[in-house]
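Two complexes follow with chain A in common, the first pairing it with chain B and the second with chain C.
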Partner chain A sequence: MHNQKLKAFLRKRSFLITGGMALIAILLAMLVGGVLIMLIGIDPILAYRYFFYGAFGNIYGFGETINKFTPLLCCALGFSIAQKSGFFNLGGEGQFYAGALCAALAAANMGSASPIVGIALPVLAGIVGGAVLSSIAGALKILFNANELLSTMMLNYIMQYLIALLVSGALKNPNSSMEQTVPIPDPVRLPALMEGSRLHAGFFIALAALLLVWFLHQRTVLGFEMRLSGMNPKSARYAGVNERRSLIIVILVSGALAGLGGALELQGNQYKLMSGFSNNFGFDGIGIAVMGQYTPAGIFLSTLLFAALRVGTGSMQRGVGVPTPILYILQGVIIISVIVSNYFVRRIKDSLVEGRDA
Partner chain B sequence: MPVSLLDTTLGMAVRMSTPYLFAALGGLLAQRSGVYNFALEGMMLGGAYFGYFFTLLTGNLLLGILGAVIFGLLSGWLLAFISIRFGVSQMVVGLGMNTLFMGLTSFCSRLLSNSRDGSALNLDRLIGNIISGPAAEIPVIGSVLCSQNLMTYLIIALFVFYAWFTRRTEYGLALRAVGENPAASQTAGINVFRYRYLSVIISGALAALGGAYLTLTQVSRFSENMTNGRGWIAIAAICLGRWSPAGTFFSCLLFGLASAASNQIQVLNIGIPYQFALMVPYILAILALVSIQGKSSHGPAALGKPYMKNR
Partner chain C sequence: MKKKSFFAVTMSITLLLTLLAGCSDPGAGSGGGPSGGDSAGQTGGEASRLKVAWICDGVLTDGGWNTNGYEGMQKLAEEYDLEVSYQENVPQTDVGDVLRNYASEGYDMVLSNEQYHCEPMVEVAADFPNVTFGCVNAYVSAENMIAFSGTLWQHNYLAGVMSGMVTKSNKLGLITFSTDSDSALTYLSSFRAGAQSVNPDIEVVHVATGSFSDLAAGKEMATSLIDQGCDVVYCNSGDCNATVMELCIERGVYTISAIVDRNGMSDEYVLGSTVNLPSTQLRMMVEGKLSGTHTGNVTPIVGGIEDGIEAFLVNESLQDKLDASVFEAIDEATAEIIAGNVTVELP
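Right, the complex of A and B next:
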């Protein structure tokens, strides 16, 4: 009797199952990380104390976590929206760079534009830049049926070398020995929001992007067509969906979102472009979308987690000397555990529907 | 082009295609059985690190190679276990493993460089060429065929073996059947899971060997993320080669040639920025993807589709 009630309860709230599994994945990653830290002779409790203090324990760290949240959310949304329409955009990293590059070029030429325009135009340039790069892979897919998974991945490398080329040549800051661009002028920077931290206004732009994507997907005809052609291309065609048009829009929006991330990171956080500017933001976006199960709430929470992982592992490095690449070990364990947990979630849900004992 | 330049470039092309050949054969084997190995990049990276690490530790190249192979087998088993047993997205599992191995190798490499000073990080002996003397002096043939090391000959032999195995043996035909139609194969009494597991596990070992080639024959030292997309290019080579061993082999040689050309542009200093030169293999990969459009071969029919036996 009690069991039946529980089943009915869980049937209505299946996010509890998914969320529970996600928690297990996080705990597993922290366990693996803890064992590794112990193996290299560092006290894991102390290390994790630094982790949490760094990511959440003080105003400055909190601001840093949110500042990582902003570009990560954009990249995750970009991957997610394309994935839902069946387009595997692994090119978030390159599109992020393209966005940052276009934003940097625009920002350097803003002159005496009014503050609003001075900030908005480079952001728009970044959006366009990301969309242009994803449209290359999109065009190759639509015209030549070229596998987008590989083409977007190749474009990542090409874009990284292009950035390396530009920051050491045409765009190099003449007054610096480092290979980087001239910092963008003050008026085009996104304003800081909170005393004692570097938190910048890009956070709200990223949140707005999340809401817009959700609205587009769930509340518009276009969004319905996108979802339908991802779920079932045949019935989409049967229902008269212009698949090609919907795919083109998805590809552009997907790249635009990653490009937005690049622009916000440039104008809010780093101010100058260099090799290693992105530091894997685009790839992290994929893991976030997977962990968030491609839902708005899930992506929001997973982005928060991945942002905290970045800041927290940095803090562990400074505090007790745990090498920062532990970040990717934790991420890898999380992604693999989440994807495995999907199998169990499906089985649990099946058993709930059929009314059998789990 | 003077003969000596052609000579060095072609010899270099074969050397640079060797890691592609290893990874691509691994990827091809897994795909033949119906499972995508998108973790090639991370497995190569792991092979590069552990091959280097165990050689540094023991001073013995064979033990280093053994270390890389063991890592490859384990990572192959992990990929097989997750993608075959649970039937989940093979792309996501691959990406997750790439992230994991990138973290693991960079993590270990930083610990290692913290514990020793810089000069103690180089291997003092690398896998050398086995043919020397007059044969190696013959123009072109000498540099292409003779100034190579054992690993290159090994992978050529493995390609020949693979071609014979998949076309002429009962086991090979069964392997192909599993990749085309697992349900029918199962009905015919073929153990689908055993074929898939073994293929993916061996695939991991081959990718790791490709990675080990980088540290044990070319640069004598590990650097973070040193595979730089070679695993992905290997997947592009499989597509370009239309899943045939000969096609994949020559595609890898083509990518090796592109990498060698990229190297020569940098060395010769002919006014092209080296970053442009570095893009060459990736641009070629995109062109390769475009060039195969509309052709009939699309790889094994059940590729990427999980097969779950009713348990």
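Right, the complex of A and C next:
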């Protein structure tokens, strides 16, 4: 039967269902947003044209979207890998700051370094910085069984205010009235990749991180152990997995990924540290991981959506004057709809499995 | 169930195609892109129409600083037929991006309402020599950037004159964020100089809140000043200003508003408002660009009450309640400042 063939086809390619449902969710959310925009007297079609034009339709905007994509992807990967092993790392924001801080410190005196060393060392410092911060929460968890939800959250505050303290004191740029560090020297900056845009090479480093995380998880024994201890710690122990060792590695890698994000944002985009440097990259990373259902493709696409929302909504306001509250509502509605759509995806997938059909 | 899932998949594929088609449209199609605002429906589109962008770091509806700037821009847009675009809530980390976005989207002028945007603006201005930038109260500037800032003392001096005329206890209270910063000391010395110019026996008690948003601290400071016998209390510490004024009105003590015009709060106890309005500076920037006479100044231009950059707005409803000599003293001091006969020792 034709229908049976289609079902078999879809069973093999379930990503079509997930993607399709996510698209429907986004479009429904845009419809809701469109009605809101219309109610305040702005042409919604024109507003959305500005959205797509701003985020993807021109080289400059596309570069901006990808530049937001890079730190968001790192933070989402960091949350995702830890969550899959049962460690809820809400500290991406703090680890992002720790990475940026370490990268900034490493970068400060590298004005005459060769480009490769100049870029690589601060990136490594950022990775170490993120890992060190997450290891604090990790040590508290492993040694004292302290709840990581709280400890990672609190470490966020500590890092955020430590940065605020440093940029107004010890690390403040003496030639500026603003509370910010001296811009990092040229050899440390990630090169721009395209004429007419600020797209920087950090994008490829973030993509490499995505592939590495996938490889580690799916193709190595260590990754198998990580997944196993996340799914069922008791059976993992029974199967002879060194659960503690795998947890320690997960915690370090998770923090390292967020730290990498901080370093790339510093070296590719902002060049200097200031209060509010992160602009919620760490927290958005959590939303992205949940929305992407912790799969590489899902995370990739959700990150792209979050990045486009950051850039495209700005373009909507500049283009036709959509007020900020509406933009936030639109972002919220889109994100909630996609997460709800996952429920329907499960329903559809269930219906495709033989024998469960009503 | 079968039918439903089939329907869902077909729908999603259709929608995917629609979305992809929609995405490529604005860039390629006629009338799309950054100039879409003009061509798609709206009238106008003359080549000579000036495109002006304006950004601020809070919300348009703050009822004070940003509202004043935004309304000023709207007025200019009507008067000179400008195409005005705005972006509010621009965080410090995104200022450079937003300015670049505007400059690369073909805006002739890119203006900011926020003093602290001037540093990133100088950086961006270097990359867009054909665009005119402008920043309110800027302390650095560039060749293609217009920057004005206030003297920070002239309007305070006038507020001091009025306070000196109305005080009975010869004790005035001043509340600022800190008591040792340059701007706080400027406020103190000019307010005191104004008061002492009409009454040398006046003492100014200066206290700090240590916060722009701790309303309780502001209230506490004002209470202690009033209890010490100050019969005019002047507060310039962010969100605390309005709270302190409310308290003064409640306690029946004279008060002065800083930054924005709050004369309407009381027709009895608000003496006036020391204002430094963004709309004045924005008007000077836009008119300079339109006439081609002013498209940049490397050093910020400092202006005072004569240029309208600063003003002390006396509360009109006090005209028949206070002695005429109060207003005469203010007029006299204003004339003296403009004539250049007043000097205040600044930090």
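As a convention for this text, the second predicted complex is superposed on the first by the 341 of 358 C-alpha atoms of A that agree within 3 Å, B and C clash if a C-alpha of one lies under 4 Å from a C-alpha of the other, contacts with A are read in each partner's own complex, and residues count from 1 in each chain.
Criterion: a residue touches a chain if its C-beta (ideal position, glycine included) is under 8 Å from a C-beta of that chain, and two chains touch if they have at least 3 such contacts.
Everything quoted here is computed from the prediction, not taken from an experiment.
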Which of chain B and chain C A:Val35 touches, first, second, both or neither: neither
Touching partner for A:Met154 - first (chain B), second (chain C), both, neither: first
Touching partner for A:Leu212 - first (chain B), second (chain C), both, neither: neither
First, second, both or neither for A:Val117, with chain B first and chain C second: neither
Touching partner for A:Met231 - first (chain B), second (chain C), both, neither: neither
Touching partner for A:Leu23 - first (chain B), second (chain C), both, neither: second
First (chain B), second (chain C), both or neither touched by A:Gln270: second
Where chain A meets both chain C and chain B, residue numbers: 323
Contact set on chain B toward chain A in their complex: 82, 86-89, 91-93, 95-107, 110-111, 114, 224, 228-229, 232-233, 235-236, 239, 273, 275-276, 278-279, 282-283, 285-286, 289-290, 293-294
In the complex, chain A residues that touch chain C: 3, 6-7, 10, 16-17, 19-21, 23-24, 27, 43, 46, 48-50, 52-54, 56-58, 60-61, 64, 176-178, 198, 270, 274-277, 279, 314-315, 317-321, 323-324, 344, 348, 351-352, 357-358
For the chain A and chain B complex, residues of the former touching the latter: 36, 40, 88, 90, 140, 144-147, 149-151, 153-158, 161-162, 164-165, 168-169, 283, 286-287, 290, 323, 325-333, 335-336, 339-340, 342-343
Chain A partner contacts - residues on chain C that touch it in the complex: 1-2, 4-6, 8-9, 11-13, 15-16, 19, 22-27, 32-34, 36-37, 40-41, 53, 59-60, 85-89, 91-94, 97-98, 100-102, 104-105, 116, 119, 139
